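Below: a set of structures, written as structure tokens.
Across the two complexes that follow, subunit A remains constant while its partner is subunit B and subsequently subunit C.
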Partner chain A sequence: MNRALRLTALRVRRQFLDWSGGWWFTLTLVANEAIGPLVGLFVWSTVFPDDRRVISYFVALIAVQLMTASYENHTFSETVYQGTVSHELLKPQPVIVNPIGENLAIRIWMTLFGLPLTVLTGLGLGSSYRWPDLLLAIPALACAAILRFLFTWILALTAFWTERVHAVVTFGSVLISLLGGAAAPISLLPAPWRAIAVALPFHAMLGLPADIATGAVDGPAAAVALARGLAWILVFTALAVVVWRSGIRRYTAVGA
Partner chain B sequence: MIAFNLVMIVAEDLTMTYRVPVRDGGLTAALRSVVRRRYRDVHAVAQVSFAIAPGEVVGFIGPNGAGKTTTMKMLSGLLHPTSGVVRVLGFTPWQRRTPFLKQITLIRGSQPVGGSQELTVLDALEYQRLLYEVPSGEFRRNLADLTGLLELEPLLERQLRALSLGEKMRAGLALALLYGPKVLFLDEPTLGLDVSATATIRRFLAGHAARTGATILLTSHYMADVQSLCQRLILIDRGRVQYDGPLRELAARLSPYKLVRLNAPAATTDDVEPAGEIVESANGTWVLRVPRERVAQVTARLLTTLDVADLAVEEPALENVIDRAYRDGLP
Partner chain C sequence: MPKLLRLFAAGFSMSLRRTVTFRTNLFFDVALAVAGVLSALVTIVLVFTRTEHLAGWTKPEMFVLAGTFQLLTGLKAAFIDPNLAWFPGRGIREGTLDTYLLQPAPSLFLASFATAAPLALVQALLGLGVVGLGISIHGHPPGPLGIAAWLVLLVVGAAITWAPRLELDVFYGATWQLGRYPVDVYRRPLRLLLTYLIPLALIATLPAGALLREPDPAVMLASTAAGVGATLLATGVWRLGLRRYTGATS
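And then the complex of A and B:
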């Protein structure tokens, strides 16, 4: 295992321990992440009371939401505001190792708390899935996890320029919710809006794994959607490098 | 020109200029600034040059806003200088190469321990071991040494966030020194500490410098820190180096007087006054301010003309000397 991976694993372990003291706070995060899909579930299952796939979709969406949640505006941006990012800059490791480690640790805790509740909700509401669809959704889930981290990370880096990073990230979250499939399943959008939503990265960040898990997107369509998600990962990675370099240049020119 | 290979730290014409937005007060100015921002250059550090040899312990002092912390940040790699040359251990600091980062440490009194505060001190030390790839044997030895010297034993199992400021500084020093850095940048390490904690840190740092031969650059507003640790002083003011040399020479240069403390219960003001300016007098004890070149002559005269119970010649307090340098500049 190379050094970067070892350091990331180390950081995940450290942050996992760190977050173990705040289980009650993790529960509030779980509730907060679940609210959006739950609202969608109630609204759309009222509109389509006979379509069980709507229930399955939104239950899957809760799971995706929990496993891809990103809070870099809280974890990283605050270190810029407090000047403690300086400590990280002087450590012999890439700075991004810490946000990645903390992101993964939080997601693990949220999954541990939230997934059993989600499964119970799904069982209670009668959602159902086919095993092949669930297996096919795993790569899409991994893609969503990476994309959502990169997206939030790029927005969180605006902390180098503005003190309003939370507003910036909230705007990003609204886009994910509106165009990612939480406000409405992409398959229910009118054709032009659906085409736009599918082409943008937000569906791959949230709704795609749920669509694949429920069989709404399968076969070649799933492969194309996944390939599109991977392409967005490349774009966001390049963008993250550019924004990071620019931000750190500004930080080291202005100081903390 | 400075010979780069003979020194640990080199700064040559180091300059840092910040560009800060400015605007007039009022609504009109606020609206105007939306479309047309105005900036002003702030020269935090201007053409600072010095070199520090391996093993030197140097005090870096100056009034608030003089440029100490900015210089320290440039030397440690946190700031990219606007111009000039800076080399530490042969590296360009702002590039923050891993081999460089593994050989330096920056300890800030305002933030002695960075990162997560939820971990215990021992967990944090263990994390530091893995991060800096300290071999197990060396880790055990260093941990034992640091635990003894910094009285860490009662702190090891406590969470960082629950430590007092003095305890945090002791833990911060242990974390910073665990991997044996060759260059230490100490930015006000005794800031806000009580007398006892300050003494512990001073004792530890003096011992550490002697034991390891580490190169130390120390900023502090407490002259006792500087006096107890540093032979050499760099005084910076308004971003420029005003003095670079031995501490005692600065004292002599800034204060052409010495203090003669005289205990002569039978003496009167008329007896003492001709010897020098009376600074203090109480219960038969007099403190006189005497020009350095006249000290021998004055003390001899006092001893022969008065019934002297005790007499001592003292340097003026460094605090007073430096205060004068800050206020009036160097002569």
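And then the complex of A and C:
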């Protein structure tokens, strides 16, 4: 376990340094991730002009989106298409170490660039939070980060079967946006859809940390939501193992 | 001009044949286009469960606006993105622009329209369907003047879409998404920016407004001038760039 952690830390460091030269590209990623919640902020604050919680929610959502962004369809899936995943299979370490390391490095850079801009946006628009709520949102944020990675990783593994992994992952992003709280805060969904969205894993991937940070979900409700998120992590981990084993059996590479 | 049209048709035909070769991919692309349009409609329906108007637009009017946005997004994805997305990296830095410069056709035309992503037209067609749906719910069919103004503004929107793609690639994708709602939902500094400096209002807000309400001659004139200006600017920048370009291949 310690060895795997050390290898992951090394990979994070290496990828962090690799990405340090691409700050302009990182800014592009930040803009692309932030734009959805930002548009939501403007739309819903037009609908509820006097409700400050809407602004606070969407500003928190921008932060969550930046800190949980996952691009395994660009990083890992490309190695399947190019056949270079063979190199990783020959190394004496789990293949997933490198994608995790790269994922964390990208998220660190996006947080470094995006979080100050998000804070400035929040200050400019008058969002406000209570410290206890923010602290309570940290475990939910960690849960969202793990869930989002696992979800994207499972979808990225479809590269073993199809050339259209980007379409598959984009479809997943549409689900996260609609049912995760970006298109509309879950509390504003009509009755049957609200219950469905809460039960599915997408809310825990995106909207839950923002809901907790704004105090919309607190106390026992937050604990239940977090437990549900942890259960989804177990489900997705098991699913990732099954899909990986199945995919690797299908994988063939040609060449030296 | 007929020569350029023939070239365009030949490029499109090649792209279409390449696309339909891989039928499983075709399924994914069509499914994604449908999901994108449905998600836009669901979001609008969600918003209108809480309000009757969004920045002065009713639900059917928002459908028309969303359809117009999807229509132009589909056209952009079909004709503009496949050509210009790779351009700064491969065209200039790796020197593949040389290939176009050596061919007996205008280089700007080749760089902009040599290839296409025909399946993205599914999104444009779905967008057109959503415009039709919005108009039918709205209950007031637009007159010939409104339809003509809508078409003119779509062409202007396409020109505005094409011109900055040549110059401002970096934040293009993100900025484009701001066009999916009426510019009036954005706060004042951003609204002014999106109306005058980066005229994203031309993508959906102004064409949909012209189709649904009486087209304002002043807006039509200013929009057409902006479209012509953007095209001239892009052409000028292209020529200046070519003078500076030295090629990167041997």
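As a working rule, the second predicted complex is superposed on the first by the 250 of 256 C-alpha atoms of A that agree within 3 Å, B and C clash if a C-alpha of one lies under 4 Å from a C-alpha of the other, contacts with A are read in each partner's own complex, and residues count from 1 in each chain.
Following the convention adopted for this analysis, a contact is a pair of C-beta atoms (placed from the backbone, for glycine too) under 8 Å apart; a residue touches a chain by one contact, two chains touch by 3 or more.
Keep in mind the model is a prediction, meaning the values are calculated, not measured.
Of the two partner chains, neither subunit B nor subunit C is touched by A:L234. Legend: residue contacts after superposition of the two complexes on their common chain; A:K91 is shown touching subunit B, with no touch to subunit C. In the superposition on chain A, contact of A:A191 is made with neither subunit B nor subunit C. Of the two partner chains, subunit C is the only one touched by A:A183; subunit B is not. In the superposition on chain A, A:V43 contacts subunit C only, with no contact to subunit B. Of the two partner chains placed by the overlay, only subunit C lies in contact with A:V174; subunit B stays clear of it. Interface residues of subunit B, counted against subunit A in their complex, comprise 18, 70, 73, 76-80, 82, 94, 96, 98, 101-102, 104-106, 111, 114-116, 118-119, 123, 127, 130-132. The residues of subunit A lying in touch with subunit C in their complex are 24, 27-28, 31-32, 34-36, 39, 42-44, 46-48, 162-164, 167-168, 170-171, 174, 177-178, 183-184, 188-190.
Of all residues in subunit C, only 22, 24-25, 28-29, 31-32, 35-36, 39, 42-43, 46-47, 49-51, 54-55, 170-171, 173-175, 177-178, 180-181, 184-187, 190 touch subunit A in the complex they form.
Per the touch definition, subunit A reaches subunit B in the complex via residues 6-7, 10, 14-15, 17-18, 21, 83-84, 86-93, 98, 249, 252-256.
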